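You will see two complexes here that share chain A, one where it goes with chain B and one where it goes with chain C.
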Partner chain A sequence: MLGFAVRRLALALAVALAVSAASFVLLRLSGDVAAAIAGEGARAEDIAFVRKAYGLDRPLIVQYAEWLGNTLRGDLGTSLYFKTDVSALVADKLPVTLILGLSSVLFALAVSLPLGILAAIFPNTWIDRLCLALAVLGQALPNFFFALCLILLFSISLRWLPVSGTGTWLHFVMPTIALGYYVAPAFMRLIRAGMIETLAADYVRTARASGLSPASVVFKHALRNALIPVVALAAVQLGFLLGGSIVIETIFALDGLGYLAYQSITYKDFPTTQAVVLLLSVVYIFLTFTADIVNAWLDPRLRVA
Partner chain B sequence: MDAALPTHAAMLRGRIFGHVGLMTGIAILVVAFACAIFAPLLAPHDPYFQDLAARLVPPVWQPRGTWLHPLGTDNLGRDYLSRTIYGARVSLLIGFSVMLVSGLIGTTMGLAAGYFGGRTDMAVSFIVTARLAMPVVLVALAVVALVGGSLVVVIAVLGLLKWDRFAVVMRAATQQARAQDYVAAAKATGASTLRVLLGEVLPNILPQLVVVATLEMASAILLEAALSFLGLGVQPPLPSWGLMISEAKAYMFFSFWMIAIPGTALGLLVLAINLVGDGIRDVAAPEGRA
Partner chain C sequence: MSAILTVEGLEVDLSVPAGTLHAVRDVSFEVARGETLCIVGESGCGKSMTALALMGLLPRNARRRARRLVFDGIDLAAASRTQTNDLRGSRMSMIFQEPMTALNPAYTIGNQLCGVYRRHKGGSAAAARERAAFLLGKVGIAAAGERLGQYPHQLSGGLRQRVMIAMALMCDPALIVADEPTTALDVTIQAQILKLLKDLQDEFGMALVLITHDLGVVARVADSVAVMYAGAIVERGTAAQVFAAPRHPYTAGLIDCIPVPGRTKPGERLGAIPGTVPALVGNITGCAFRSRCAHAQARCEDAPPQHAEGGHEWACIRGAA
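Coming up: the complex of A and B.
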């Protein structure tokens, strides 16, 4: 188990290094940092001066090494737009996005668990078909359009929730729904398939034959085992949601990493964009690493590779 | 031969035509394709023509609506029906092009990893893991914004970023196909590696490839719409459904139809593509029906 964990950790670190290099090069090749620092309407010689002064004329690999060194020391540079320390800026916004990501996964589970269990208990009936139809419809609904519909319903018509902002937990309700519903279908399909499999397993038949109540069989015996793959999926989906929160956070002006990323992209604020991309990648790598370890701990057969 | 037994082809036909989801998906797709191809014939007006005297005309079912503009006009007086019809072009073009680019990259990687195994497999798996760790929406937004949003840039960026699912699925499918007798037989007859891969392996994993291709096409269409909605994808005045929703956002409180029409079109197209993908999976492997 320890050997497996060490190998996985080494792989995670290698992936983090590769992703940081790839995103650094990608962003640098897409735009001119010197022009962004010099600002709008700068003359060519101003940009050339900035390029020299900031060392942006050196080879990309040298600049990457310098950026990586600074990053490892916790120095993410200074924001070109907000004019503050990027590390502090990012640390300030991270909790909002983490809360949003976690609550969205929980919302998705709260929707998909009952539907997935119902569909598995009554396979190939109208209940099952209704659940599958909901999943197919959910996957086709564009999340930004759904978010606007939520605003119209809950903020404008019913006046229950604030349109945008970050102040209270009420500000998180609509973003959570708009972000979470999109991953619910994947959870539902997995829970349904897992439940159908475990409900047909020998130990469940034994439990039934020994006269346990149906509820006890479903929830205590079948569900527990059907949930193992869901844990892994939840970790991966949380990573996706954090990366995808940029659209939803921007619509609701929820002041997290996604909104920060949107602002930094529109203002060509390279250090901030770079930092958010790196941070979200690292969080994703950490989540999948943890899921691998938890799964290997739950199921020793996975401890190869 | 017992004449009462249905042939394989007849059974396949039965499965295809008996599949409600697949048929619904195909029907919607046919309409969408017709809109995209025959847009100049179907659209009642020029989608770019601004009639500033007829701005924000509501659709025909509302009190001030007129048959001249069945779905109304936008804030610049452009005919909404015409823009919606032309929007199918943008979405389908993006979906297909991104699917082709990412499909080519991902399938090549997956085939190589699954067939050769060993170091090739390790290298491809590492690249896929690294790609999955990148926040794709964020990176795509940043690159498109920095390079400058246009149809070609959006297609290139999404195509170069979204090959991961192709690689993962094709790798697993190739690993399974590699162990089959027909691959060993082709090798024994002296066929070259490329011939075995393209002539034997690829045709046998085609159903899986088609399913991933539909999923990726739908996802590319949604991503383009989201990018354009944020103002960082294709640029106005192109009639992209995402862009139309973005432009109508300021009017949605009084004119819900302005976001509802492109939103519904987008949802229906994605729904149809997903239905076709699910349908092909069911028809190709009825025993594995989920």
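Coming up: the complex of A and C.
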């Protein structure tokens, strides 16, 4: 298990390096950094001066090496738009996005696990259909519309929850529900399908034939094997939520990474965009790595790979 | 000898898209303590359904009925789910055909063996482990302590079936139902596993209901035999009675199909009874075997009479010789 973890970690680091290089090159190809630094309406010689001064005329590989060295030392450069340290900027926004992403996935699991298990125990019955309907409700409405409905109900009518901001955990309740409920159906379907399969498996029949309690049959013997694909989906969804929660961040004025990414792209703030892209891909790679480890723990057959 | 298991008029109906499939039709037999009963018949004749009905493990679309279904003095037909669950894995265990998939890939052998023991006997983890290691030794697995920490995928099919047998024995059952326990294994391993089952039976004294479609297996291990055809038992008796003087033409046909060492050349096609089993959906009138029977007559259109002769029973118009 330890050897497996070390090999996977080495692979994850290699992938992170490759992604950072690719994103660096792609971003440089997408626009002229010198022009962006020189500002709107700058003359050609100003741009040329900036290019020389910032070393942007050097080969890309040299610039990348320099950027990588700085990044590894924790120096992500200075934001062109906010005029502040990018590291500080990102460190400021990251927690909001992380909390929102994690709590949304946890909420999605909390909704979809019981619904998926129940549906699988009573497949093709009214229970099954009710569970599916409950799960799918979140996806039937557009994300922003559902969020607005929540605000209308909980903030304006009931006055239970604050409309926007990040002050307390209460601020995260509605965004979490809006995001988590939206991804819940995917989890629910996967859990249902997995449980239907494992409940019909020979080893579950063995467990029943051994007189094990229904709880032990469902949770110990069937659920563990059904969770394996769910872990991978959770990692992918979490990555998606971290990068893609921009609509929800905007609606609830959660000042997170999604919103920062949006701003930095709009204002051609290269260092910030670069940092956000790097951070999100590293987080994504880390999530995949974690999913691999969790799955190897769930399924001993995977540990040899 | 008192019977450990009495089955009278067992019926299993399955609801299928085409209607109701009568998988088990009016099946009756008895198993004495420590006895080996072999249930034999072609694929699809209802052997597994009979076994699952005894264990209360029928699929969801199945319904079980019986005039009498008594195990160890307990009326299974009237037992609650919890009562049946308390018996399973404890007083009665089951071994299945597919050792490759019958163990949970996510847990160690030790975990799965001990789980059964602690479910029924409680006690400490150490006691369960000790019992598991003891039984792994009994089923012929060397280095039991080490095997307990291994996962199913680290074991061969033969070893896994030995583990399944050890699991069935964990709580010292009075009856083991084994549904084709050797069919999925290599021929050499098949013989070893059969011998193991017999040896364990001698040592621990449990009764064995062994399901097979292989009369060669029956000849080696059975005390008594029940021959099933199209969901019903067509002949029943001691192994000596059935092999020496098969009364039902179907039994006789099956016996003719047993390969005889020396007489059957390698690669030669074994004899087989021509024709196919009738569909089990709906009612069968008359003798179910008549489309394949060399002795069929007009009278076979009616339900065949039951004959009994010194514990040897069969259902055919042909009486005692």
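Rule of thumb we're sticking to: the second predicted complex is superposed on the first by the 234 of 305 C-alpha atoms of A that agree within 3 Å, B and C clash if a C-alpha of one lies under 4 Å from a C-alpha of the other, contacts with A are read in each partner's own complex, and residues count from 1 in each chain.
Keep this in mind: a residue touches a chain if its C-beta (ideal position, glycine included) is under 8 Å from a C-beta of that chain, and two chains touch if they have at least 3 such contacts.
The structure presented is a predicted model; accordingly, all values stated were derived computationally and were not measured.
Enquirer: Name the contact category of A:Leu60: first (chain B only), second (chain C only), both, or neither.
Expert: neither
Enquirer: If you stack the two complexes on chain A, which partner ends up touching A:Ala209: first (chain B), second (chain C), both, or neither?
Expert: second
Enquirer: Identify the partner contact of A:His221: answer first if only chain B is touched, second if only chain C is, both if each is, neither if none is.
Expert: Only chain C; A:His221 stays clear of chain B.
Enquirer: First (chain B), second (chain C), both or neither: which does A:Ala201 touch?
Expert: second
Enquirer: In the superposed arrangement, which partner chain does A:Ala110 touch: chain B (first), chain C (second), both, or neither?
Expert: neither
Enquirer: Does the superposition put A:Arg301 against chain B (first), chain C (second), both, or neither?
Expert: second
Enquirer: With both complexes superposed on chain A, which partner does A:Met1 reach: first (chain B), second (chain C), both or neither?
Expert: After superposing on A, A:Met1 lies clear of both chain B and chain C.
Enquirer: Looking only at chain A, is it chain B or chain C that touches more of its residues?
Expert: Ranking chain B and chain C by residues of chain A touched puts B first.
Enquirer: Per the contact definition in the header, classify A:Thr266: touching chain B only (first), chain C only (second), both, or neither.
Expert: Only chain B; A:Thr266 stays clear of chain C.
Enquirer: Please name which positions on chain C make contact with chain A in the complex.
Expert: 55, 57, 85-90, 93-94, 96, 98, 101-107, 115-116, 119-120, 151, 153, 164, 167
Enquirer: Applying the document's contact rule, which stretches of chain A touch chain C when the two form their complex?
Expert: 201-213, 216, 220-221, 224-225, 298-301
Enquirer: Quick check on the complex: what are the chain A residues that touch chain B?
Expert: 11, 14-16, 18-19, 22-23, 26-27, 30-31, 136-137, 139-145, 148-149, 152, 156, 189, 192-193, 239, 242-244, 246-247, 250, 258, 261-262, 265-266, 268, 273, 276-277, 280-281, 284-285, 288
Enquirer: For the complex, which residues does chain B have touching chain A?
Expert: Interface residues on chain B, with respect to chain A: 21, 126, 129-130, 132-139, 141-143, 145-147, 218, 222, 225-226, 229-232, 242, 245, 249, 252-253, 256, 259, 263, 266-268, 270-271, 274-275, 278, 290.
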